[in-house]
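First the structure, in the form of structure tokens, and then the observations on it.
Chains: A, B and C, in written order; residue numbering restarts at 1 for each.
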């Protein structure tokens, strides 16, 4: 009755199982089974990779760091030890550029530390997929299960998702990407090495505005659409800084996160007639925003909280009107010899890659990690104990930095023992000249050491 | 009501609405004729933009570079139809809908990450070839690029409409859309028609992508949101609806999204759009005629003959 | 106890790392099983599953983080929210074709998740972070090896629950809805209620999965429940095998293990490693779909069937086993043919009986239906005499099938009254009409292709407690007993139509004629007294025609009231006691076939002008 072409006959009726189909099915099952077995095989601890020297370029002579950073040698430096460090970064999805550049900073530091007679830091990279909470929680858990005592995190412990694992497994974690922010202060074993933006910048910015932008009287805040508890502290701090400088606070407008179309936001902003827009938006958003703002008819000074070359590229010429303030690492004019060495060695190791402040942060955090390890060694402690490492950090929360300093000395970063965020961190107000950032003022936390530049 | 804000949002609505309309036309054509849930639409979108930019970077003048991009997107879509969807359709007609859906997803993951691997996640810019100026009507501002965009998009929408209505290939496409069995009986090769439809649909997407790359930037994940919207607009317009209807539906959606900014801050716009969609879908069956079951059955078998 | 267990596991080489992955498999298996019930068994392509998991996870998480509610009541509350949300989703979905269900669920889940992000109570894009830990008898559960002791039993329970549902008459009904809603409805099943029940149940389980996920990761975040999450779940179901619960376990396991597997295998620098892993994963998705679109363990496959196929393959069959099966299949039909040959020919219409003396089983008066400007049925009166065969003939487009639709409640009449055994059933739902004792067949047969012949017929047997959740889970013996009775009844009707040899064949594998017989058996199994047959003879091979007609005559002898719509006038002549002639929406003539044939005007109308 001619039903050979009937799908059901072919599948179930006559039961003719062709060899190809069987082999195909068996192969699939085989691969699956082997896969499961392979994950099983291999010890739990060897989930890490030794960073491959991806940079085609050569290594720089780093011996000058010995004196600059006052480094010991031999056993005190941790020579011969192998220490596991986790690195949870954005290695896929929209932020994968950041994970990439951060990993380069880490790898550069690991190489230099070894050359300086330090331990071999074995980095286990984990991908939090540009802010996926589930991935972050899993990463912290996996690192913890593998007994990794140290970790470098980003995106604010991946928007907090790593914190439970960090505490449970006592994994000492430094975040040089998002820092602690307002939300994740005082968390056990977790420390931020970034200035909180825009909060920490307000005192310095408004001193600058009073000095150099006398026409600015009314300020509008434009903030990423985050939970109220996070925005409110910033609003209060801004109000305080504005009041102190006798300026008017117009209000808050929320910007959608990670979009490229700001037409509605700009339409609403136009109504406000602000003299200055203080923006707390990140990633590519400032670039798109500036580009559209340029043709929107809004005449206001724009003060941002981040600068990335990518956002600048997107914005094109409109970025020449952009100003920003935060702990920005100026690769064209590093402020101290260590910073200069970082820029030079990075360019040498990665010839076609431009270093940026994220690379600098993770580079210096690796050195900070080393110093903490050295302190534990000095006490003849266990470098794999999260508690001991934590105690070593708390002992003296001041570390050398590629930021700040002067032509002879490395700069300094200090962390507050209670809040776990920075208490000393060089920041600046920057303008754009010929497409490149140029420092207009420098200041520290709380507006300390305010200095006009240029 | 704040008239100034309204004017600006209205203008914004026209601009985004035209984009949504064009996206809906392209996706809707594919969905209506072939019944395939072609989520890999986003791949054609992003490949068009990247191909054009890379051509331009290699010294190809602007217009030919754009053509290169459009061609790349169209060819890719045809390859997907020919080598992924069609074999699935013939080997498993009853599972086709979901199997194609999952394959689409797989393709999107592969495509997006290959692009990231090759060209990184940083943005790429497409030069417009002319200086973009700010313009204004009354209190509302927009750019000369926006004007070009809206004109081009509607030209494309009307072009597709004219193609379907007046040309021979267009009539064949219509025939296959309305009654595939009958079309086959009169000798229309629906295989070729499907390929043509995929090419046309992704060319439309490609135009939107190029304009988007000019206005904003090209990013590896730029195709996701537009595909989502294309899907929504195509369904709202009605599966099997003509290009004009899809275009107008997109305009309405864009306008609704924009005007919601009068009362709500922008984070709520997706809620508005999807609430509208939800209400529409919930209310729709109450006024249904006879056509839906037919379309539905065809969709379930993914347009099988 | 704790140390002992861990020690044992270490001996097997299984450490916390593996248990962590295993736990993730368990959680996603819960989600995949419930999604499979909804999509694979029920054919409701919903993409709201991650939103429903979110309802559960966020519900429990919110209560825990905000009010410190302990985890068991929080979990129950979460499941409750998910059930509510799922039920709410299902109501508008009832009247939609399963394809628009995608759109509906998509819009609803997007709105829901956007609300979770936008409303201030739920932590916005950061989500809820202060989830209370889980503790059992005072011991805090923190390590994967501890979690597995909770998650594994939960999965086992969920699996047993979904298994029972899937294998039961309830599951069969759900599959019937998937295969052909209208046909299932016409057998007396309230498909709307079952759809809602299916959504509610699967939503609750999804909510449970969400709760587990949130407690395991100690956070509730929008990224856990995004569109990506639901597409991953769908991938698990499809790759594993739609309609097969073992497949869902396998699918969840494969997808979850793929990430750590690729992480270990792909050796590249971090910048490329993860992107490369994703490329491989995406390629694998496309490849699996290409090679096994029905999934690795397709519906109907089980260990037993797998072994049979393996055996056949190894013995290089077709072989004697297959042949015997084929012979047995046809034996039933042969018996049917033999029965027919043995019977004396009969011809009802020629008996000379006065039909007006027979009471009416069905009475239709003044039936009207307009579609837009078209008057499909325009003031129709007719009746079906009890225990007789009534014919309804007329040219194409006269409105005959519409009449069937109208009197069985598939379409609402604009005016008119329909009475069944004296009861006014005019605006009753199709399933209500079927339960009252009037069922119809379809021109396009509409058997349920992926169900076996036996299942097709068993579905039709009314009064099955197995379709009721309460009986299904609390009255095992009663349900099993009635199921056996239903099976016997189904076998009886199959024997009656000669199809008992093919009881294990999927209905879609049968020829058109065989399917028609199965459809007849199905109608019989409902126990209805009034049978409306829409074109019973069309598309049937000549050699089959007589046995089929014979069956219909036997039904009449059994006392069934039958109405047939037919084009083949010889068939009508053979079968019908009384015939109505329909033209343009109303009856213009009635009588015995002989009477009507002798009216030349009717012939002209019927065949068109010469």
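Rule of thumb we're sticking to: contacts are C-beta pairs under 8 Å (C-beta built on N, C-alpha and C of every residue); 3 or more make two chains touch, one makes a residue touch a chain.
This is a predicted model, so every value here is computed, not measured.
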Q: From the Cα centroids, identify the chain that ends up most central relative to all protein Cα atoms.
A: B
Q) Hey, which pair has more contacts between C-betas, A-B or A-C? A) A-C
Q. Taking each chain's centre as its mean C-alpha position, how far apart are subunit B and subunit C in Å?
A. 34
**Q.** subunit A and subunit B, separation of their C-alpha mean positions in angstrom
**A.** 36
**Q.** Centre-to-centre distance between subunit C and subunit A (centres being mean Cα positions), rounded to whole Å
**A.** 51
Q) By residue number and range, which residues of subunit B touch two or more other chains? A) 92, 94, 113, 116, 267
Q: Please list all residues of subunit C that touch 2 or more other chains.
A: 118, 275, 278, 294, 449-450
Q: Could you tell me which residues belong to subunit A and also touch two or more other chains?
A: 7, 92, 96, 100, 225
Q. Which positions of subunit C touch subunit B when the two form their complex?
A. 39, 45, 92, 95-100, 102-104, 106-108, 110-111, 114-115, 117-118, 227, 231, 234-235, 238-239, 242, 272, 275-276, 278-279, 281-286, 289-290, 293-294, 371-372, 449-450
**Q.** Residue ranges of subunit C touching subunit A (in the complex, touch as defined)
**A.** 13-18, 20-21, 24, 118, 120, 123-127, 129, 142, 144, 213, 217-219, 221, 223-224, 250, 253-254, 257-258, 260-261, 263-265, 267-271, 273-275, 278, 288, 291-292, 294, 296, 298, 300, 308-309, 312-313, 317-318, 322, 449-450, 505-506, 508-509, 511
**Q.** Complex interface listing, subunit A residues touching subunit B
**A.** 7, 92-97, 100, 225, 253-256, 260-261, 263-265, 267-268, 270-271, 284, 287-288, 291, 294-297, 310, 313-314, 316
Q | subunit B to subunit A touching residues, read off their complex | A | 2, 4-5, 8-9, 12, 15-16, 92-94, 113, 116, 120-123, 125, 132-134, 136, 140-143, 216-217, 219, 221, 258, 261, 265-267, 269
Q. For subunit A, which residues count as touching subunit C in their complex?
A. 1, 3, 6-9, 11-17, 22, 24-25, 28-29, 32, 35-36, 38-40, 42, 44, 47, 49, 51-52, 54, 87, 89, 91-92, 96, 99-100, 103-104, 125, 127, 131-134, 137-138, 141-142, 145-146, 159-161, 163-164, 168, 183, 225-228, 230, 257
